[in-house]
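Each of the next two complexes has subunit A plus one other chain: subunit B in the first, subunit C in the second.
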Partner chain A sequence: MARKFSGKDSSLVMYAMLTPTFGLLAVFSLVPFLWAFATSFYDYEVGGESKFIGLANYVEYLHDPTLFSSFGNMFFLMCFGLMVVTTAPLIIAKLIFSLRSERARYLYRVLFLIPIVVPGVAGMMIWQGMIYGDSGFLNELLRSIGRDDLTRGWLTDPRTVMWAIVFMGFPFAGGINILIYYAGLAGISESVHEAAELDGARGIRKFLRIDVPLVLSQIKLLTILTVIGTVQGFEGMFILTKGGPGFKTMVPGLWMYMNAFSFQRMGYACAIGVILFLLILTLTILNMRYLRSSEELTAESA
Partner chain B sequence: MRRKRGQFFLHLILLTILGMTFMPLVFVLDNSLRTNSEMNHSFFGLPKAAIQSAAITNAKLGGESTFSVARSPDKGAVVDQVGYGEALRRMGKQLFEGYVYAWQVLRPYMLNTIFVCLATVLGVVLVGSVSAYVFSRCRFRGKNTLFLAVLSFMMIPGVLTLVPSFLWVKQLGLLNSHWVLILPYMAGGQIFAIFLFKSFFDGLPGELFESAKMDGAGHWTLYWRMVLPLSKSVISVVAITSILGTWNNFLWPFITNSDAKYHVVSSGLYLMGQSQVAANYSTMFAAYVLASIPLLVLFLYATKPFMAGVTSGAFKA
Partner chain C sequence: MLRSLSLALILGLATWALWPRDAAAPEANGIAPSSGRNRKYTLRFAPGLYMPDRRPMDLGTPLQGLKKVAAAFERLYPDTHIEFTEAPVGSREYLVTQLAADQAPEILNVNVEDVWQDVQKGWYVGLDKYLEQPNPFVPKGQPGSRQWWDQFKYEALSRGKAAPDGKMYCLTFDMVETGIFYNKDIFRTLGLKEPKDWPEFMAAQEKIQKAGLIPLLLGNVEVADWGMDLIFDQVYGELLPGMNLHKDPVREETLAGYLDWDEIAFLYGKGFFTRRDPRFVETFRILKEWRRYWPKAMVTDYVKQFVTQKAAMWWSGSWTVNRLMRDPDVTFDWGVFYLPPIPRVSCRFADGHQQVVIGGAGTQFEVTKTAFNDTHDPATSVKLKRAIAFLQDLTLPQNTDRVVNEIVAFLPNIVGTEPNPSLMPFHEFLKRPCSKTKWLYTFDLRFNEIYRRMLELFLNDGISEDEFLTWMESNLRTASETVVRRKNLDLSKFESAWEANAVLRARFRELPSGP
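Up next is the complex of A and B:
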């Protein structure tokens, strides 16, 4: 229909209007993307000569002393993150959804979202000092019940540091995950619930048999986000522990960062970045296959 | 009857979880009003100056006219007899001391962040909506390929480009400027904005465009006079997604702006924590509170688009 008027639109005008988008993408996304691969083949230190060394950076990383511990830590963080993201927010969303009053449901959703106004960095520093600090909440609580022997630097003791990191943000209720699950629960049609109740499904059984399968696409979405997030994420470790004590909380992303900005080994850092990129790509493709089948499942059962 | 009890328990559980979620923030708020010696004395407790103010007010209501108050918190030994107004002024000063110091340090960082946020939002909304309009409402060769090309940039993870981006902007001479934040944020933020805008524009009724074109409106008029005014809801969602991303970003501003003049809130807070300012607990805690206020205000002012913004933002990845 629009053809009638398209006489005066030449494609050139359209391309011109898209220039800002593609200009920005080319300069600030495409160049760094290509540069990452190119630099990974060089022995490149800031201020020094760069030398083409082929795959030597990749080979070196295979023998890197942090390789096993950092991927192990990343895997642990991922497993714990997946465990958390598929339970706590879903249960809370279900509890909110079970309230009868429309206003109460809205109010709880708003209240649980409020913590995201705290800048992420501040949130971590608050946990670091307020909860895990030498005279923070945990230690003061232990002292007040006379268990001084259990007090410790939760983020410096190698036995507790990893647990301290994963339990940061307990009870894992603040933020957007509840809203995502809530939207999923709200999308389940009333007739499904009625049919389930006629069949005598109630309480936890109904939750597991009806609600959980029907929010599978939300579960899958948050799974992808968590997986990608843990492969990429190292801000937390950077702010809280710098990978220490020792390499106890080192993750590949942080090691990349340290190689680039502490040891000035840009080529090596880029090689680690490329490996993480390939890992993310593989996991995303695997997940996407999975996601599509879950949507089909939802469509069938709805 | 059973129903009612069930609802009561639901509220009880939810309020407990809510309480645990907010507990660290309540501690922060409380201790931002307490001095170091109060905190060292005991972790739990209300601000002494607030308690004292209440006691003074109580005495005032009881008929007293002068009150003995320390001249300043660190000169506890020097006690004056002062009137009610002066007593409360001194208490208030002690109470908000942390905030006064924190604001001195944080103010330039806040202004930088707000400027960068505004510039980024403006750029993302303008560039994103124009491109989305072109993709949604115009016909030209290679349209679908170009649109897919834009979307494919979403697949590039930040961890891959962090180091080369740094080397590249250094080469461009952009380090230590606002542009080193604004331009890359715009480049990355526009992708999702185009996606959101395009699906919104696709949903606008085609007759609207046809009749406007009959009246001789060109693309520019259509975009500026018709599409933009209709898009307020999606603009606010895009804006909030963009602001949240910009406000929370830490690593990029941290590595690209070493000059204190260009620090933003997140990098500034981190550096504050590393500096001697952190020795004064209340200053740090007050800084956390102050750093949260702008987004809190935005949240309370625009709760609905905020909630829509964060959930749509989740699909970005």
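Up next is the complex of A and C:
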């Protein structure tokens, strides 16, 4: 005869079920973090002897020649990324949402989502070769209009490389962000739209006054994800420019990676990692505290 | 149901029809497949360009030479299996992780300067004691029967690959050298000849550029490596004896006056290699002046540019001969010359002495600590003995010939093995003295990275000369401090040599003005 679980038994079962997942999380995420934190106080070369040096790695990073340029690049990428993520996908989501035919809405959602099946790395390689290459689209276009003098290595010229990086993926229309905004727009009650229209709000005015405030939760989510992604991410730079020419596209994450695996300065790399962790934590707290979601906004209005 | 079955059948047949046939399948070339099964020792071997069944540069037929040598060795030692593997040895990440985890192939082909960074960690086997003993595979009376070293044709250059700790960690299997490949048809059309000195060289490039062609193909890494070392030697040539502080009895014999990391660190403390050192500033001025003749984007497809005759010259290595000989698209006459010397008229510090060669060693085989993981003691390891025996067998003239001369890229470094006649110009180049330092390989990889990047930026007008020199000074300071700390160096030992050399420096002007 089956015995009914008591509340205590049920909790034990839940704990038991959580344990393997938590164990794996601890082994692969929490312990490495603590190890990295401890290692940041050592001069540790892979395969060599490690020596306790206190805060020396942190002090050295403050004097690192890449510090200002890499953080400057990171904040530039973050600002550009935030500008893109809060505009282009939202506008496209709104345009799709405004289509009358449900069939057309579905079709466009699918079409805009399809680009995500292309791996990010492959997309970058396509841009690197087909758009920015020596015989790529941009240079060939310039040659065809007789402006040979303007051709250049778009990813090797220090004057153009950063813009070439941020415009990769133009017009920034594909991907999951559109669906996130679309879901937010779909969640707005029809009565809200009707009330707004009765009050005379239409077109852009309605979009800015009604839609945007009510998708603030989505904007907040994407803002946090973009901030975290920009601070942590370096794969684009790694593949395309290795942070060059010079350090024109260096970001702290890539410098951390290079110190760890290319220069074997594991302790120093860990110190950079800890600094980046603290930066992400601070920016996320600021985001959570000062950027309001649509629920908070609605509650305030009520 | 029938439709689905038919569709599946068609797809199956189409897949079978389109499945690639391997032209290099073992049964197709008559070499019996060898298996590691039932063999006690497996030696993983990353042979670089000589990887069997590969077509180097996608030209010619798949290579078989090394496979034949390995098969013969396996017959001689039935307990040993040679397993070929492709290893991205140019990737530092790969080397470090594999060596630290004791997973690296037993025999690697890595530039030995990369190995020097890690010798204190015990990741590589010192080869001196084997090189000083006879090669047991060599018949009595032949070179190598007294000591293995005698088999190496370019012995001086090979011995010059000893690490700064005086030990030898690599076996120089073949030689490589750079040269300026040039399109003879273009030279003929423009009335140009092989330049004999720097002014002629610059004038030729000017003329080629005016004709609407790229004068010289040269990449970022090459200029930071070869370009810097050769210009440095030309500018500092006369002064170098007064800067040489370390007289290593082993290395000095073949690398007279070579500046190691500790000497450069000491000299930096004396004001050398800073903005107060006019020769250092002049070295980069020459590179910058030369820059205007290279392609706009220094990472372009050089093969395409040269083969399609959009560029007249290409500074590349002897491996390029393989491409130019076998590429059906090369329809023009080509030749090769060495970088010409810089006379006093082009640079007030240069004396016009013959350009040196950059290094010479091509394929450099190292034995890793994985080779003695059967006993974890090199003295008792049979596996290590097999690894050494395989290399000894490989360096027999007939085996080297079979492997190295299967492609026209490198010059065999073994006595009794002649290079392909097309490589003879490089054989002549290799008779020159060796460069006196290697800026890209002297210090740690952090120094290399910053130096290479900032030089590239400076040459491409991304930063001013002043900014560049600031970067170089700070980079050299950090690199010097790091090498002193990590290698426990005592630079004060050079003070007496520095004083003793004062007489050699006395006749020179514009010396750096101290720390």
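Please note the rule applied: the second predicted complex is superposed on the first by the 275 of 302 C-alpha atoms of A that agree within 3 Å, B and C clash if a C-alpha of one lies under 4 Å from a C-alpha of the other, contacts with A are read in each partner's own complex, and residues count from 1 in each chain.
Convention: a contact is a pair of C-beta atoms (placed from the backbone, for glycine too) under 8 Å apart; a residue touches a chain by one contact, two chains touch by 3 or more.
Everything numeric in this text was worked out from a predicted model, so none of it was measured.
Overlaying the two complexes via subunit A leaves subunit B and subunit C side by side, clear of any clash.
Using the contact criterion defined above for the overlaid structures, shared-chain residue A:231 touches subunit B, although it does not reach subunit C. In the superposed model, A:261 lies in contact with both subunit B and subunit C. Between subunit B and subunit C, the partner in contact with more residues of subunit A is B.
In the superposition on chain A, A:65 makes contact with subunit C only, while subunit B stays out of contact range.
Angle at the C-alpha centre of subunit A formed with the centres of subunit B and subunit C, after superposition on chain A: 70°, rounded to the nearest 10.
When the shared chain is aligned, no partner comes close enough to touch A:54: not subunit B, not subunit C. After overlaying the two complexes on the shared chain, residue contacts for A:187 are found with neither subunit B nor subunit C.
In the superposition on chain A, A:247 contacts subunit C only, with no contact to subunit B.
In the superposition on chain A, contact of A:109 is made with subunit B only, not with subunit C. Subunit B and subunit C never share a C-alpha pair closer than 5 Å once the two structures are laid over each other. In the superposition on chain A, the residues of subunit A contacting both subunit B and subunit C are 261.
Across the complex, subunit C meets subunit A through its residues 92-93, 96-97, 99-100, 118, 120-121, 123, 296-301, 444-446, 449-450, 453-454, 456-457, 460-463, 471, 474-475, 486.
Here subunit B touches subunit A in the complex through residues 3, 7, 10-11, 13-14, 17-18, 20-25, 27-28, 31, 39-40, 43-44, 127-128, 130-131, 134, 137-143, 146, 150, 153, 155-168, 183-184, 186-188, 190-191, 194, 206, 209-210, 213, 218-219, 244, 247-248, 250-251, 255, 265-267, 269-270, 273, 281, 284, 287-288, 291-292, 295-296, 298-299, 303, 306-307, 310-311, 313-315, 317, going by the rule given at the top.
Taken in their complex, subunit A has these residues touching subunit C: 45-48, 65, 134, 151-153, 156-159, 243-248, 258-259, 261-265. Note for the complex: subunit A touches subunit B at residues 1-3, 5-6, 8-9, 11, 13-15, 17-18, 20-22, 24-25, 27-33, 35-36, 39, 92, 95-96, 98-100, 104, 108-122, 125-127, 129-131, 135-137, 140, 144, 170-171, 173-174, 176, 179-180, 183, 221-222, 224-225, 228, 231-232, 234-235, 238-239, 253, 256-257, 260-261, 266, 269-270, 273-274, 276-277, 280-281, 284.
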